[in-house]
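Right after this note come the structures.
In the two complexes that follow, chain A is the common piece, with chain B as its partner first and chain C second.
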Partner chain A sequence: MKFLTTNFVKCAVKSCDGSEGSFPLKYENCQLQLEEQDFNPEFIVSMLERLDWNAIIQVASDLGNNLLPSQKPEDIDGNSEMLKDLHSLLIETQIIDGEMVCRNCKHVYYIKNSIASFLLPPHLAK
Partner chain B sequence: MSGKVQPSEEEIKMETEKFHSRETPKLKEIEFVHDVYNEIAQHFSQTRYKPWPIVSNFLETRKVNSFGVDVGCGNGKYIGINKKVFILGSDYSTGLIDQAKILHERESFNDIIVADGMNLPHNDSTFDFAISIAVIHHFADEKRRIDAIEEILRVLKPNGQALIYCWALEQEKSRRGYHEGMEQDILVPWVLAKKTEGKKNQPKRKGKGNKERDVEGEDLVEQENKEVIVEQIKNEEKPPVKMRFYHLYKKGELSDNCIKAGGKLVREGYERDNWWAIVEKVQ
Partner chain C sequence: MLPTPIVPNPDYNLVYEPAEDSFLFLDLFEQLHNEEYFTKTTPSKKFSTVLEIGTGTGIISTFISTNKLIPNAYHIASDINLNALQTTKNTFENTRTTKDAYLDTIRCNLTDPFRLNEIDVLIFNPPYVPSESIPLVPSIQDDTNDDWLDLALVGGTDGMMITNKVLDSLDSTLSVNGEAYILFCARNNHSKVVTEFLKSHINFKVENVIARKCGWEELAIYRFIRQ
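Moving on to the complex of A and B:
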């Protein structure tokens, strides 16, 4: 799972909808891998607009990276260094193994072989 | 692919009884959709590579750098069509997602997860667009089919559009021959045939007058293209046929379900034995 995707997934349990703890999930015991990917600066600029930056900071911190700026970077159009850093973080960083925990209901989701699973046990699924 | 080996009447009857005996639609889906896809994933994936024109066109006309979700992406046939949009593909079947991973390794413009279409792990109003191709027809009652569409609309941004495809009841021109007036809830077999050394050992079927229309009045001989799997069956006791549940949509039903789910119908149509609808999330 790409780091980017952590900004778009939450706890799947319906009763957690709207609760603050259900997004972002807490990432634990994760193994990361850097995977070289095509660099598309325009995509990064456009994606940055829709990112929940606080969630990005929180997940990065879960994964051991506390170096991100506290405010979402702005006007990065020509800032190729910043764009490459974001590309490397969002697109090239893969979580290949680990756990995602809902801070609200404490349900644990697993990432194995780079695939995150959000399937729920029958009693929690609609 | 070798000759078609049919499920026996006994097997069909047994599977149908089993299906009806499962108490809830959820249990029916686990056994007659999810388990089957996991079992047939590898071969199924080999038969799913040709994109349908209307789906491709929908994807090609999305805004550059927009962000979409493919609910029930299977082997990811559609997550790589347009490299100028980012698509998050999800499927209930771990087996199919494993296939998607093999086929879409190291692509920068998509990602895949395992998720349940009825319990999508996304915040409200996350995506610019959505597709759900040949998925909603696997939910085992009407309420769940409408709820599944509602769930897709929930994760779409206001004014975001979803393209939804479901198998049609009206397939007179196809060799399957489903048509108006037939039972809409059917089991479709994926035949597991025994692999043999030579083809001469394949059971032969002669004559077309055999009684092969037992389940829900449907023709179980000619099903989806290439859906005959030849697989080594080590355990002789293992049933050589896997039945998947489908609800065949009749004319007008998909758009009706989309409206009941709270969406605004933008366009609808029929393509290759399927009804499709583009539905928009209202503010």
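Moving on to the complex of A and C:
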């Protein structure tokens, strides 16, 4: 699971919809791997616009990175260092193994072999 | 004409084998690319997040992402079947020639774990074959069970039981101006489905973007635009 995907997924349990704790999930016991990808600054600039920055900071912190600026970087078109850092974080950082916990219902989802699973047991599926 | 992705070493007892319906999607997205739909026709819109649910072998997401048919898009391909996701990774890695197309795979049921109104393009080639009932989801501990394949094929009454779930949540899945591309077969009674959908979704525009007769099957892909 790429770091960037953590900005788009929430707890899959229907009754958690809209609850504050269902996004971002809490990432625990995660093993990370850097997978080299080609750098596309245009992609980062366009993606940054729509990211939930607070969630980025929170998940990065879960994973042991507390170095992100507290405000979403602005006008970064020419700031190649920042763009490269974001590329490395969002696109190259893979969570290959770990747990994702909903802060609301406490359900634990697992990431194995880089694939996150959001399948629910029958009693939680709608 | 853009090349069709090759699926390396597939096990078609466990993953849906690409067929006319899959190829109709490839042809549609190539056509949209030739028309510059995702660049020129819609200059005010941005298509940053592309989600394909029920990706199977992943050839649709691989085709769109590796050929960069939607500029600067982040692709997520999901499936309920773990074998499908592993196959999708192989298809993608085997097809791409550069490392600047980005695709992630996640295991889930339809759109369950996605944040509301964050998807700009949704792609769904559903299990559309009418059947008396839909199969139960096998135990997630049993990934080599070929029951997983049945889930990719049959769609219950009118073949619409699964597609209806996606249609019912479309308003909360798509972003403002977001679009969904969903395939139907004639036995789904799609013109009636669309009429009913529009009655309860006045903020949507729906259009048939491609149709084809394939032997005894008649397939059509509709574009649902949330406005």
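As a convention for this text, the second predicted complex is superposed on the first by the 126 of 126 C-alpha atoms of A that agree within 3 Å, B and C clash if a C-alpha of one lies under 4 Å from a C-alpha of the other, contacts with A are read in each partner's own complex, and residues count from 1 in each chain.
We adopt the following convention: contacts are C-beta pairs under 8 Å (C-beta built on N, C-alpha and C of every residue); 3 or more make two chains touch, one makes a residue touch a chain.
Keep in mind the model is a prediction, meaning the values are calculated, not measured.
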{"item": "Combined model on chain A where chain B meets chain C, clash or fit", "value": "clash"}
{"item": "First, second, both or neither for A:Ser117, with chain B first and chain C second", "value": "both"}
{"item": "Touched partner set for A:Pro69, first chain B, second chain C, both or neither", "value": "neither"}
{"item": "Contacts of A:Val9 with chain B and chain C, given as first, second, both or neither", "value": "both"}
{"item": "Which of chain B and chain C A:Gly78 touches, first, second, both or neither", "value": "neither"}
{"item": "Single chain B stretch clashing with chain C - from 8-16, 188-196, 206-214 or 260-268", "value": "260-268"}
{"item": "Residues of chain A at both interfaces, chain B in one complex, chain C in the other", "value": "1-2, 4-5, 8-12, 17, 23, 36-38, 40, 42-43, 46-47, 50, 91, 115-120, 122, 125"}
{"item": "Residue ranges of chain C touching chain A (in the complex, touch as defined)", "value": "46, 48-49, 72, 74, 76, 80, 82, 85-86, 98-100, 102, 104-109, 112-116, 118, 137, 140"}
{"item": "Residue ranges of chain A in contact with chain B within the complex", "value": "1-2, 4-5, 8-14, 17, 23, 35-38, 40, 42-43, 46-47, 50, 91, 109, 113-120, 122, 125-126"}
{"item": "Sites on chain A touched by chain C in the complex", "value": "1-2, 4-5, 8-12, 17, 23, 36-40, 42-43, 46-47, 50, 91, 115-120, 122, 125"}
{"item": "Chain A contact footprint on chain B (complex, rising order)", "value": "26, 64-65, 67, 86, 88, 90, 92, 94, 97-98, 101, 106, 108-109, 111-116, 118-124, 126, 147"}
